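Dropping the structure in here first, questions after.
When the chains are written out, they are named A, B, C and D in that same order, and each has its own residue count from 1.
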Amino acid sequence: MWKAGIIGATGYTGLVLISLLLNHPKIKITLITSNTYKGKKISDVFLSLKGLCEDTLVATDQEHRGKCDVYFLCLPHGSSMEMAKVLFDRKAIIIDLSADFRFEDTHSYERFYTRHSAKKLIPHAVYGLPEVYREKIKGAKLIANPGCYPTSALLALYPLLKERLLQGEVFIDSKSGVSGAGRELKLGSMFCEVSEGFRAYNVGTHRHEPEIKKEVEKLAKLNVTFVPHLLPMNRGILTTVYATLKQNMKTADILSLYKKTYKDEPFIRIMDEGIYPDTRFSRFSNYCDIGLKSYNDGTVVIIATIDNLIKGASGQAIQNMNIVLGIDERMGLTNIPQFP
Amino acid sequence: MWKAGIIGATGYTGLVLISLLLNHPKIKITLITSNTYKGKKISDVFLSLKGLCEDTLVATDQEHRGKCDVYFLCLPHGSSMEMAKVLFDRKAIIIDLSADFRFEDTHSYERFYTRHSAKKLIPHAVYGLPEVYREKIKGAKLIANPGCYPTSALLALYPLLKERLLQGEVFIDSKSGVSGAGRELKLGSMFCEVSEGFRAYNVGTHRHEPEIKKEVEKLAKLNVTFVPHLLPMNRGILTTVYATLKQNMKTADILSLYKKTYKDEPFIRIMDEGIYPDTRFSRFSNYCDIGLKSYNDGTVVIIATIDNLIKGASGQAIQNMNIVLGIDERMGLTNIPQFP
Amino acid sequence: MWKAGIIGATGYTGLVLISLLLNHPKIKITLITSNTYKGKKISDVFLSLKGLCEDTLVATDQEHRGKCDVYFLCLPHGSSMEMAKVLFDRKAIIIDLSADFRFEDTHSYERFYTRHSAKKLIPHAVYGLPEVYREKIKGAKLIANPGCYPTSALLALYPLLKERLLQGEVFIDSKSGVSGAGRELKLGSMFCEVSEGFRAYNVGTHRHEPEIKKEVEKLAKLNVTFVPHLLPMNRGILTTVYATLKQNMKTADILSLYKKTYKDEPFIRIMDEGIYPDTRFSRFSNYCDIGLKSYNDGTVVIIATIDNLIKGASGQAIQNMNIVLGIDERMGLTNIPQFP
Amino acid sequence: MWKAGIIGATGYTGLVLISLLLNHPKIKITLITSNTYKGKKISDVFLSLKGLCEDTLVATDQEHRGKCDVYFLCLPHGSSMEMAKVLFDRKAIIIDLSADFRFEDTHSYERFYTRHSAKKLIPHAVYGLPEVYREKIKGAKLIANPGCYPTSALLALYPLLKERLLQGEVFIDSKSGVSGAGRELKLGSMFCEVSEGFRAYNVGTHRHEPEIKKEVEKLAKLNVTFVPHLLPMNRGILTTVYATLKQNMKTADILSLYKKTYKDEPFIRIMDEGIYPDTRFSRFSNYCDIGLKSYNDGTVVIIATIDNLIKGASGQAIQNMNIVLGIDERMGLTNIPQFP
């Protein structure tokens, strides 16, 4: 059994990590931290864990270096890189769920986030999107777990990007459940400010836009516009991508390309022609479901869904960990989508 | 007081019409029909109306010609044109909430719907989008009330279309609350099949797509792609439009154009720069709220919201009626958006 | 036109008061205050009001005495009595939506809330439940608007209490939408902590329990147990009351009693036998709907619904104001319940 | 591996059974039936199962006797007993999720349901509430899986009933998510008829009332009143029980009794004093969570929550199966409650 530590365990990504790791056959949670709730039992913070995990939370800012085989950093950006500096020892696997190590280019990071205080670690970091970077992930000790929106958008686009089949504009219209905003108190996350309403937010200013763009630009020169929206529901992202093909292709041919590209992927499901995913079909699982349609004018519409807390965060983090550990990538991720 | 009849009163558009007309200072509801519930009191079908409207429902297929000044047809397409043939007498105002008279071109209608059995009436019909066709509506006796998605999409696009400022592709990503699917029993409208989930539907096959296209094409040669999605909430549509400007324009300039175009419109509200509408701000009102942003690459994103049952159906129907009657367009439509 | 001031206008009760008063034919809003948002336009705080109310918020703690005919205090308890001391001049009508003047007995108030700093005003205050205290309300200058749960529970019980037909235990099982918790930031009001879940809260400790008890005890010696629950929805309270009759009565007879007791009440609707109210039937209106059933063993179950923000707060406040002003009690309260 | 058949697999209980059994280490699903969808793959009916279960549905009314070790009957009452007659062979375990074998007394069954056509099987049936009837279940070949409301109510009451500590009236106020109504098309289960509303239903006529009563009466002479309500959410039941103690007991003492009674139960969690369960804490798990409070007047309030589709249906069915098979009762039921 490997020992896992969850640093900042009382947000939603921390909770989901614990829930998944409790059923992971090769992992034992030996450390959970929280400054806000230190000294409390995690099962007092989340009554769902009563009888399942009665560990006591210790302070995040204590010294935890060298105590675990894997650390999951569920901290706000800024704090996360500070903790990475403390924990990084080229032995333990550090999986950072914040944005701190997602940008290879410090300048971009600093433009959209804050000053980077752990620049020396950046060259060690691998962008943890297994479907694209599995080989690099295998040997990594510091993994930048991708953002939830980028995960859905990049998996939607990857086969067409890889084959250089797109041109011009790409419009990414994403819709996320509220858990994507985290567990922090915010007026905009209050029930009465969300339920029975729907809105776009951070139009042109969302920090996942540069993350998507820098990944797209590695493969193709395309103009990306990204608009996120807030859904009145807990979990799930659906991303609708509108793009233009360099040459007309039939829906069936593009679907074949997607099935081929993703044929060995344990967590990608390609829908049949005429079928489009619903967030409920992947909810509580690590799946990314993709459906698409091509139009005569060269437009292609690609729809991808994930559970933002699983494939968009904690599940993907475990998938990355499994890859580094060299074990079956599906371990701890056998949750079946739950509906209704 | 003018006499109003609501034909097919026990769906959501019928219910909302009654609710609005009960507070209309110039209208008396004298006829409400339903084949399913005939003989029952409307307040037994909708307990919300208890003490407010205790009228008894009469059969829809009875003879109602010549009895009202205004008829609202809240029937399925196909049935609606049959009823229009019965009621049309060049005196009464007929406002059809179905799609039966929305297409000037019978061929298009028949391609997407069914055989048209009232072709002689088509030349009498006016497409009832007041912000575009107010002058024509004034003299009309048969009004084709627009679809809910087209209302949001066309109002979002109209100022730019009118000034011929767009080119190329237009992507219309719409999201609607469940009441848009009506009150008919359908697996896809069941609570457990909608709540906590989100999906696209009728991709490339929704019948509001040709309705949007034929209106766009009257003003500009653009390629329109429309994808509707189902929101886990009751009421509201938010439409996000992605389009390309012929020449770069600043956000502020486009907002000025919108404010100018819509300056006398009682039901259009243009948001300030950086502000985008939320469906909750227009819920239960006849407003269409519009916010937008222009990007350096010539892309413009326009976001419009309406209450699908009010501005997208029954409220717009009353607005049309008010125009034909020559009374203040806001009568019966002074509902203030209700939130939370 | 009477001049109305809304003190603390940026919570939900303030917003609803503004929304209702904008359509009140005899009232002009001349003052809206907020310390948090002072200097901002109310329509910037609530975009729903754009174009409808563009007034600027002034500081709550400024001097506002003598400037309005009616003041609505939408402040937290404690602050409210301080403001009442400032504004009370035996001329203006002060309607306090907090709990500060709901208890005639200072000792009770202080036991459940805080030290009372305006004891001299207590004798001036009338408990503003019109169906019970209309005559007293008529001459009042200081009205303690009842709590939302007590409104639903007391209206459910009143006819049986008044006729002394109950004995023993009364169990009040109430369920409220989240807007009852106000607009203040709280973890328990966050979307993800409410949606798709249901819980009891403040069992045995909710401060509406003593408010209900002291009103019940004025009419009968009964043992009251009250358990509130939080519904995953915005608006509405449903209260299920379980009580024991002194002597068996048929459902129809109790319904007759209710219809008789409430026969002149504009905002009480008694359901027919076998019909029970749904919160959606009174949502956005000032109605309280009541249905009930009697069992052979002497048990009676009474179910009452209200919109917690209207009949449970701002609507009842306006009803009280109308009574004091001597105008039609329904003015400004003609909102028709909106569903779906 | 034992072979399991799911008869009537395309409702929610069937779907949840499949989802759970796919992760059961000792069970292989070898038969899934549906008359409505026969010939289709189950993963085409429920896209959530894509890649997880691609079995084809066969007709329910075919001959399936002798082919499985366990049959789960997920059929409407009436059909279920017919199928039981066909399948019952004293070897296979038949677990009936309908009400057909829940009443030992045919007369009661026929009064509330329909004519019983399999009376000879009734003596073979055991009421499958493991916490009460585990010993009987061990040897059973026909198990009547309890109703969802009765499961929550009986587990809430059992320790006090067993010790004969209650007297007089018991009021059971239950609230259920919509999935309890099944997947059948009904106006009352449509999204727009449920969302943002709350109502009681079947007051005094719900068929779970006699089921609860007959179980309570086996242990104590008490007057039971049961009122079910419909929550605007998918899954979960919360039952609030109001009862009267024969003698005053402190909350802590009653909690001790509950902990003692249920000390070996794998799926009952007793909350600490002052803590009450939320349906979200047990959602997607087989837990029943219980919290309670005693009042000075002898009243006790007990609150129990379950996931209506797991502990209230399919999970309990698997628990029963595990008991009969003599394997660890938790097998296939290690799902961790999922929240948010």
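Criterion: a residue touches a chain if its C-beta (ideal position, glycine included) is under 8 Å from a C-beta of that chain, and two chains touch if they have at least 3 such contacts.
As the structure is a computational prediction, the values presented were derived from the model and not from experiment.
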Count of contact steps on the shortest path from subunit B to subunit D: 1
Centroid distance [mean C-alpha coordinates] between subunit D and subunit C, Å: 39
Distance from subunit C to subunit A - Cα centre to Cα centre, in angstrom: 45
Gap in Å, rounded to a whole number, between the CA centres of subunit D and subunit A: 36
In subunit D, residues with contacts to at least two other chains: 12, 178-179, 192-193, 195-196, 232-235, 277-278, 280, 283, 339-340
Topology of the chain contact graph, where touching chains are joined (line, ring, star, complete, other): complete
Subunit A residues within the subunit B interface of the complex: 169, 171, 173, 175, 192-193, 195-201, 203-204, 223, 225, 227, 229, 231-236, 238, 240, 242, 244, 276-280, 283, 291, 293, 295, 297, 299, 301, 303, 305, 339-340
Subunit A to subunit C touching residues, read off their complex: 12, 178-179, 183, 185-187, 189-196, 232-234
In the complex, subunit D residues that touch subunit A: 12, 15, 19, 22-23, 46-52, 178-179, 195-196, 234-235, 269, 271, 275, 277-278, 280-285, 287, 289, 309, 334, 336-340
